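Heads up, the next two complexes both have chain A, just with different partners, chain B and then chain C.
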Partner chain A sequence: MSKVVIVPCSGIGKSYGTVAREGAYVVTEDLRPDTTQRVPLSLLVLGDEQAHADVVGAPSITIDGCKLACATKMVTESGGTVAHDPSAPLRASLAVLDVYRRHRDLKPAGIAELNEGGQKLAQALAEEVVTLVDALSTADSLPLSQNDGGGAGDGGQNA
Partner chain B sequence: MGVKMPDLPKKKVGIVACSGEEMAEGTVTRLAALRVLEQLRPNETVTICLPLFLAGGEGDRAFARFYPTIAIDGCDKHCAARGTEMYSGKPAASIVVTDVIQTKHLGTARRLSEAGMQAVDVVAEQVAQRVDELLGVNWDRKQGQPSKEAQPAEGLEAKIATCSCGSGIPIQKVQVDGQEVTFIALPLIFEQFREAGKLPGDGTAAELMQAVKVYNPIPDGQATAYTEAVMREYAVFCQEKN
Partner chain C sequence: MSEEMLKLTIDKFTFRVPKGLYFNDAGAWVRLEGSVARLGLSDFAQQRSGDMAFAEVKPVETLLKPGDEFASIETIKVNVILPSPVTGVIAEINHALEDAPELINQDPYGEGWLVVVELTDWDNDTSRLLDAEAYYALIKRQAEEEMKKK
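Now for the complex of A and B:
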């Protein structure tokens, strides 16, 4: 089975973008290095063949730093399969702001360097991502590309 | 009657970093950009968020069309420079970390080594220097501020501010609470929103004002009055176009 693709927004204007980026590192390097891989958003959008192949050939989890949802929007436009529907958790997008709402005590600050709250929020985010990764990794009938039926923005399909 | 061009508000330089997550050089671009934005030239620069820029951030794209940008890329794929050129205009300057820094021991994308942090300093200084060049500012490094003798780059300023050359930024004068206020780029912003089908209404105001604020400072406590005035003018603009 293909590794689950993790695409963080890595926005540079707010702490939440850094949390998204750091959370992606925690998942792909610490928690699930064998079953996940990161794909840089800019490469994907600018047409890098490998990045595109990675995204269309595997389930994706996007991590958005703000409500503009750039990562989700661009992975979807690039042919990836990201679900917005919470009832379709096998492909998913996560918003840092939503995770923060569940962890109000972990207020992030800093962009170049996250404060302690931001670091902990990234960890909490990563743990939520891992839950999704595990579900995706063990799903036998998961559609692997948009061509399999998981159209952009349609909520994807459950395995 | 010809349009009298206003004194432009302080011109700034947009910084676009690739922020690539897969290589230490990408992190160098990110931290160097932030160093410039937060410490070295906070009053002369604004960030242009690459993800937002690529995803269609109108404010960022519009800014980059009017004002000079510096692209900072981690590698020769030039994602920041290409993205800027693709969606807005050719960057005024382009810096590639691998051209500037020779060492391969920058650490990891997640955690830079000491050499990586030094690379951040070097790249940030180069970016700051380019900012000064683009703004025509002589930077007094001892004082940490523009030198008193610094003069704006007449050529660049004049080229942007003079409508007769055909490259001026359009402006519009609007009555805000009985005061005439000159808004930079307002006609273009209106046109972009109208073309995008974002017509006057509650849902449009916040987004439109975000774009307006890219070029126009809004005094504290006057956001509501400015929003009402701009939206009133936008309604008139749309009516006239129909």
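Now for the complex of A and C:
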């Protein structure tokens, strides 16, 4: 089976985006380097051929930093598939805000360098991603949704 | 609920202000419903604050006077304590916000309401509140000032 693709928010200028990106690094470099690969959102935006081929060729787990859900939208617009099992709590688009709601003591702050709470939140996020990765890696087949932008926000904008 | 809206568009953002509601300058709105008032956070205030992480309101039977904290919100950007715009007693709270504080972002004048207050001094309260037109003018000034800082 091809490696599960992890696409995080690009993490520029916002703490929650940085948590998304750091969490993706923890998964792909420390926790599951053999079964995952990270695809930078910026390459998808720029139309990089290899990045597009990667997301088209394997199920993706997206990590969104805010409700704009750029990572999820970009993967689906690139023809990729965000793994999705509607019958179980297995949704492969994660929002950092939802993870924070489950770990209120880990308030992230900082951008270039996360505070301790942010670093621990990235670790907690990574562990949730790993649960999804392991499920995807062991399942014979999971339903895939090409247009599923849900679970990561409502696509609104903030001032 | 269908209400006539004033709409303010600044840059890529549009802020809605329903006619018929009252506001304080912190962005709490008041919808009069007989002897009670429903309170919430304005569209401008919610967009300015960002994605809601947590919303907490004071419990039923809490006595309020203008300026007293009646709710607090934590977003990805800020922590905000909301001062009450009215005098009275909290009669009902929106329990849906415990699991879904994002309702404040998604539907600030509807499903995202915060509390219902049994009013005890409405005549004096109204003298301190802004109507929709006055609140529109206030947020227009604030939004334009923020745009100048960019």
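Rule of thumb we're sticking to: the second predicted complex is superposed on the first by the 132 of 159 C-alpha atoms of A that agree within 3 Å, B and C clash if a C-alpha of one lies under 4 Å from a C-alpha of the other, contacts with A are read in each partner's own complex, and residues count from 1 in each chain.
Quick note on the criterion: contacts are C-beta pairs under 8 Å (C-beta built on N, C-alpha and C of every residue); 3 or more make two chains touch, one makes a residue touch a chain.
In this text, all values refer to a predicted model and were calculated from it rather than measured experimentally.
S.K.: Of the partners chain B and chain C, which touch A:Lys67 in the superposed model: first, second, both, neither?
M.R.: Touch status of A:Lys67: second partner only.
S.K.: Once the shared chain is lined up, is A:Leu97 touching chain B (first), chain C (second), both, or neither of them?
M.R.: second
S.K.: Applying the document's definition of touch, where does A:Leu41 land relative to chain B and chain C: first, second, both, or neither?
M.R.: Only chain B is touched by A:Leu41; chain C is not.
S.K.: Go through the superposed model and pick first if A:Tyr16 touches only chain B, second if only chain C, both, or neither.
M.R.: So A:Tyr16 only meets chain C here.
S.K.: Contacts for A:Ala24 in the overlay, against chain B (first) and chain C (second): which applies, first, second, both or neither?
M.R.: After superposing on A, A:Ala24 lies in contact with chain B but is clear of chain C.
S.K.: Return the chain, chain B or chain C, that is in touch with more residues of chain A.
M.R.: B
S.K.: Go through chain A and flag every residue that touches chain B in one model and chain C in the other.
M.R.: The overlap between the chain B and chain C interfaces on chain A is empty, containing no residue.
S.K.: Show which residues of chain A lie in contact with chain B when the two form their complex.
M.R.: Where chain A meets chain B, its residues are 8-13, 17, 21-22, 24-25, 29, 38, 40-43, 45-46, 48, 68, 70-71, 73-74, 111-112.
S.K.: Which of the residues in chain B come into contact with chain A in the complex?
M.R.: Those in contact with chain A are residues 17-22, 26, 30-31, 33-35, 38, 47, 49-52, 54-57, 77, 79-80, 82-83, 86, 109-110.
S.K.: Going by the contact rule at the top, pick out the chain A residues touching chain C in the complex.
M.R.: Residues 14-16, 66-67, 97, 100-101, 104, 153-154, 156-159.
S.K.: Which bits of chain C are touching chain A when the two form their complex?
M.R.: It comes out as residues 12-13, 44, 47-51, 53-54, 76-77, 102, 105-106, 143, 146.
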